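In the two complexes below, chain A is the common chain; its partner is chain B in one and chain C in the other.
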Partner chain A sequence: MSKSHNTQSCGSFDHEIGRRAFLGGLTACGVAGLSGVNPVHALSEPEFTKVLKAKDRRVILLWLAGGASQFETFDPKPGRPTGGPFGEIPTNITGVKISELMPKMAKRMDTTCLIRSLSTGNADHVSGSQLMMRGRRDEPNLAYPDFGAMVARELAQKESQVPDYVSLFSATEGRRFSRLSQGFLPGRYAPMRLEESMKPPNLEKLDKISQGDHERRSQLQSLLNQRFLSSRKTSVAESHAAAFARVNGLMSSQKLFDISDEPQYIKDMYGPTLFGQQALMARRMVEAGVPFVRVARAWWDSHAQNFETHLELVPELDRVMSALLDDLKARGMLDNTLVITLGEFGRTPRINPGMGRDHFARAWSASLSGAGVVGGSVYGETDENGEHVKKNPVNAGQFVATVLEAAGIDSSKEYHVGARPVPLVDPGIEPVRDVLS
Partner chain B sequence: MIRITVGLIVLVITSPSLWAKDLLDPSTPIEEAIDHYIDARIQAKKITTAEQLNDFTLIRRTTLDLVGRIPTLQESKSYSISESKAKRAELVERLLKSPEYIPHQANEFNRMLYGSTQSDLRNYFKRVFETERSWDDVFKELIRGKSEDDKTPDEERFLKDRLRDQDRLTNDVSVAFFGINISCAQCHDHPTVPVWKQDHYFGMKSFLSRTFDNGGYLAERSHGSIKFKTTEGQEKQAKLLFLTNVEVPKPKEPDGKQRAEEKKLFEKSKKEKKAPPPPQVSLREKLIEQGLDESKGAYLSKSLVNRVWHRLIGRGLVEPLDQLHEANIPSHPELLDWLARDFRNNGYNLKRLIKGIVLSKTYSRSSEWNHKTEKPDADNFAVGSTRPLSREQYAYSLKVASTNPKFFAEDIPADQRQNKLLQLQNTSKQLASSFTAPGDNFQVNVDEALYLSNNNKAHIELIASHNKERLSTHLKDLDSPDKLVETAVWTILNRPPTQEEKSILVSFLADCSETKEKGSPPCEQLIWALLTSSEFRFNY
Partner chain C sequence: MFSVNDDPIEMKPDPKKFKIVREHKRKDILFSVHMDQKSNSIFCGSSDSKIHLLNARDEKPQSKALEGGHTSYVSGIAQAGPHLVSGAWDKKLIWWNAKEGMVVKKIDAHDKWIRAVSASPDGKWIASTSDDMIVKLWNAASQELVKDLKGHAVTTPTDFPSMLFTARFSPDSKYLASADKIGDVIIWDLESKKELVRLKAPELYTWDDRQRFHSIGGARSVCFSPDGTKLAVSGVGKIGNVDGLGGKARISVFDWKNKKKLIEFQSGQQGLVNHLEFSHDGKWVLGGGGNQQKGFFIFLDLEAEKPKAIHEVQAPMHVHEFAFSEDQLSLQAVGHQKVLYCELKAPAPPAEKKT
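Coming up: the complex of A and B.
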């Protein structure tokens, strides 16, 4: 009996550390909770420090929807039959060369770690996206959360005034392939999606209600809630009051989605494209405390005319990514903000008769910049034609574990779904320690 | 440490042979049996309990649980002034007979078997409650995929929706009807339940693995069995093994020629879009036989009793609900046994069980804890629970509360009042879809708060005084702020305001009118604050 109970944890989401209920929880469990913090560990010093340290980390994911080519970005093979027409250029890190389409990033490689050995085995848009976002496939009885939702879950403040997880995907192409989900985590960690419009729904006060009345009625409601809750303290009852307490903060976070008050030189850095503007929004959001923002740029799926596509998209990525890193650095935020570029897969070494590259998940690249990673490092290597991983292959689970660790999150931690312990990444999966600072 | 010791003692004194003969007499009314067992443990542990509910809260809780909405102003008031000794029993009778009972129970049972997924069995469950079908019939019909009256194809859906994934099918059947999540025994023997082996998982799967979709119809082959690999890598043939450890002898498989014939028949019926022929021996029928033979482990009745208890009381006698195995001791083993026996002995009658639970004193304990001593652990059932409304309950209640109470006044004929309610229940479906369905670990979502705060449609549907349907229209016409506050609190929160609340709310109205800005009148702000309050959001 004690064995089955020991595997359950019943702390609430809201009070992770040192909550008395945890002791009660060992036997008197409500509907089994999902608290990820093991009580013993939570109280021991190193873990506690880690939690605190993690609190101010943020993550921005630049999602290259459709699958960018590693040859035309971070793993060029000039002169090889698979290399295509573009050359490579040296970077500010000796010995590391990237595509000539990325001259700005070439000057900033000290901030960035390249992983050139992703080998993830799924070259389908839908399930490949899910695999890269979750690090594993869903089970019949268990939907796993995105790493965005896990980051939100781990890093969001209880009474945060801003959203926990925002996803911007304004291109219509490829959007239906991208199925983000909080999985088994509570709805709070579902992505706030900005797809149809640049403004989140229901963030703006109704015109017919005056500002004064709006404030007064929420004060009254909050007073009524306190009276009701004072003799009925439970996590779910408190979550109701907490949700309304976040409304005004979220409403004021509207300004995060409006970049009009940014100085012109900042706007110029990011450039006039929607992707640039949204990356700037992402910076505003992480600055205000949003733990995870995904900005999708579509559509990289260059089955035909791969080189024209990349000639258009890579320089934009180069500009936006560099601007984002510079901007974060200038604000002293780069040490706390992890910037990732990733897609669902890379593209084939073989150039098809339509001058395109097809889906390829056997040997491709991603980048990690800023917080928690060893800048200027390159992990893994592909063979001379980029057909196979020659050294240090990284699968989706390892990649997600690495992202979580870089964000200051212990990837070996467990959640509980009912009585079942579910680790953040599959058992036995280790982060790539070599790239973690 | 202390708790573990207590648990061990319970384990020792509750071995089946010892208590089976000591169960209370079967003729005891359900509510008395419940209070007997719950109170016995409370007294033994010298625990203080919460008070019994006052009339306002009792009618609110019962109405929410039985028909899925808050009471109307009229219902609340007349219940609280009634001096009838039998008024609680009369209330329960009235609600169980109400036409709203059927769709509400259909919603709840659908949620129980389908969680928060999109597809549903609501129409099927409506028929179950209309015709007062028993739970053993529901089990048979959903596993068979057809009912005695064979009226609609709804009952096929439980299996058909899951056929694409045999593992999910296996686990969902096991969780839904037997309260047992065996998915942990799929890849390895169960980590925490020593009696469950991979054999049990694949045993359960074997009953279902011959079932498939034949051109839109549920079909079952007469042959086929599954093999699996143990963690040691050994290949094993799955047995037809039920959770009770009963192994069903495998029926003789047809020879190659017969199989080919069967295949042809399947193809023929597929082409003709007809129901396929039945198998020589149906393994699903074998599963039904095993499930209904409750002599070796009453999973079917215990699981259902535990689920209904959980829904009405806020916590199961066994937690989690899908871990109804021997190693997981119920908080009140005798009560679970008594209730399961009563359920079986009385033809698996759902209404009887629901009625018994809501009439108990355990059900009607207040959720407030104002004592200085620490609140007792929830598994004592000494304090009522604070349960979030399901999205259907919430939407329907919002509609009722925001409707002009004149529609439900005493001078309106009863059938007209009832029709108005049914109409609101029906139109609340769309509003319900804008809320998240509560599941395990439910937390109220900020999207809900934003929706109710700033969405124009929600404002027009619930708050704005633009026609005579709205509560706000009615309140605007009242002459004194006192009366306005009184009516608003009664209508929305189903109780009179306290003196203190009254003065707070009256001065709130005055503050709102002072600004005299454009738009929405003060009473609308008051309605908003009450409708979106925690008190309204929960069944407490």
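Coming up: the complex of A and C.
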């Protein structure tokens, strides 16, 4: 049961981005006062290395919406009053044990870093989701971008014809809780939402327009744009032209959103569930150059029957996560793709009368796999009952800074909103360097 | 609270007189119970991985633990001749010398978590059910596996792992009924060791295919009537928000040989009906259960023209299981951090036992 519901849309970029809306958003928002990396600073050697490192990085976020239990995944406490009925199993990293519900991931822990000491202080679905996606709260007069938008901004190729940020969220519960947004960044970095379907709406050309007509219209539009730009070159006009080019790109890359031509053995790896299919689509997207894809698996909010819920959902997560890591590895992409599992919070040590666990943000877990992290490592520790962080607490800001750094992005970088410098994470927030490779 | 009267009084069990007489708090969660009819003490399977022996009838029950057995929640306990047999989420079955509190035999019985253990009334068989979706039939005396009874689907229609919650023998020990998450109930013929009848109770299973993409519910208890002709099946009805147990407690009664549903009862109480027992005269069936806030007892009238409860009582805990005394004048119930002693007779004059 969700404690708080807020399905209000929070502005135009929280709406579905179809082809037409996508186009409109880009042209309207392409003028945000924004500057990127200071050119002088960028030439210094460490920064230059980072830029090179970041060049081909991609990020896939497996968003465990509703809040998965750390006890039944990455921080088991078997035999303790809070531990629940499941056992723990050894992994391929000596001394590291995870829930018996994750036997596949147990064999792949060398790819993965566990953070067992998230202490984020917000156990509300809506504001907790926003906090974990941004690392901080919005200001009254400044909406921050979520880390998907920041990754998109930093890693997108300028001439890319694929989306920079895609969010797949099929369940209706919790869809809007994160309020995914590019904040003050240009509209290009707003998430393309795939919700009712795994394909963007309005992607196909109208039946009454022939392919030849469609191509001739595009050529005419391009010609007119170029003429206009030659005499009136402004950021608005440029954004308009870029938007048209990218929509054309989307229309010609419909196969990106279609997994039917994947080999059967690949589909079998991911499994038959929607989450599996969407994770496979995420792999296709990052392979095609999409810098950030969020795949939401909802809904983990097990206020009753926590163990039955996790019996159902954790084996699915285990299969899908393992398949994704294996698939990326087989394609040589795991070294430059960061895979994150994260929700808005974890679940209580206390088991309630309905055999449920409630919301808990004081001591919980997330995982980082692949690019930029020290595989096989565990950061932080909770006490014997999982009630408190015993060692190395990590807050939401630190977590986001760590994700950015793992993706090859300098988390100390600043954007500018008008004349105001705005850092990617709040001042004083440091990434967890121990987990970064 | 009412006092316990030790004076022997000739009375009949009467659901309308059901009273919770004693309520004992505990730190653990108790999932399973077996009553020793000689002493009226109960063996309780606990979340602390132990079996506790106590008598909830006592004002201050002393709890003695049988240790060194399981390593996870003890989900089922049954008596097999001189032995107590327990099953747990650690996938093990243990035969105990209950008197001595000693382990007689420990078996890696299933590949997944054991949900229930049942003994046949004639003392010959033990049945264990597990999320490996196999009902295992054991020789109670030799502790040997007799047969894997396979027939429950391993996955749900949406390709998620199913769960096999319960199994109970018929009073004549000729049949065994087992029930799973999607509401499939199989009655097994113990002579041929084959599936005899399959009943469907899909209303006990909710799969949310839009809001939350997961499920809740399942057939949690089955019980044969004393004459063996009826089979009661229980759980919770359809649920709008599968984060909780907000559906109506539900009991269905079948003429199982003819695959005919006789009664479909929805209670005003919300939550799972975790355990069922028929009255000796077959006139009512008692269900106990609860949700994430509270528990309940429901006496379902089996003689009424339309499905109705004789009596519904809120319990101060989520009830996981209960066991009647032989005369059904009292029961002891276990559940979430409490044990209850209840009577089904008019309360005796308040003469508190002083010891």
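The rule is simple: the second predicted complex is superposed on the first by the 396 of 437 C-alpha atoms of A that agree within 3 Å, B and C clash if a C-alpha of one lies under 4 Å from a C-alpha of the other, contacts with A are read in each partner's own complex, and residues count from 1 in each chain.
Definition applied: a residue touches a chain if its C-beta (ideal position, glycine included) is under 8 Å from a C-beta of that chain, and two chains touch if they have at least 3 such contacts.
Only a predicted model underlies this, so the values are computations on that prediction, with no experimental measurement involved.
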Is A:Glu308 in contact with chain B, with chain C, with both, or with neither (first, second, both, neither)?
second
Is A:Asp110 in contact with chain B, with chain C, with both, or with neither (first, second, both, neither)?
neither
Which of the two partners, first being chain B and second being chain C, lies in contact with A:Ile351: first, second, both, or neither?
second
Return first, second, both or neither, reflecting whether A:Asp258 touches chain B, chain C, both chains, or no partner chain.
neither
Answer with first, second, both or neither: which of chain B and chain C does A:Pro78 touch in the superposed model?
second
On the A-aligned overlay, A:Glu384 touches which partner chain: chain B = first, chain C = second, or both, or neither?
neither
Looking at chain A, does chain B or chain C touch a larger number of its residues?
B
With both complexes overlaid on chain A, does A:Asp268 touch chain B (first), chain C (second), both or neither?
neither
With the two complexes superposed on chain A, say which partner A:Gly187 touches: chain B (first), chain C (second), both, or neither.
first
After overlaying the two complexes on chain A, where does the chain B footprint on chain A coincide with the chain C footprint?
1-2
For chain C, which residues are in contact with chain A within the complex?
27-29, 47-49, 71-73, 89-90, 113, 131, 158-161, 163, 210-216, 218, 241-246, 271, 290-295, 317-318, 335-337
In the complex formed with chain B, which residues of chain A make contact?
1-5, 7-8, 13, 24, 26-34, 139-141, 186-188, 190, 201-210, 212-213, 216-218, 220-221, 223-225, 228-229, 231-232, 234-237, 239-244, 246-247, 250-251, 417-420
Chain B residues touching chain A - in the complex, by the definition given at the top
3-4, 7-8, 11, 165, 167-168, 171-172, 181, 183-184, 191-193, 315, 319-320, 322-323, 327-329, 367-370, 377-379, 385-386, 388, 436, 440-451, 453-456, 459, 504-505, 508, 511-512, 515, 517-520, 522, 525-526, 528-530, 532-535, 537-538, 540
Chain C-touching residues of chain A, taken from the complex the two chains share
1-2, 66, 78-79, 81, 85-87, 170-173, 271-275, 297-299, 301-305, 308-309, 311-313, 315-316, 351-356
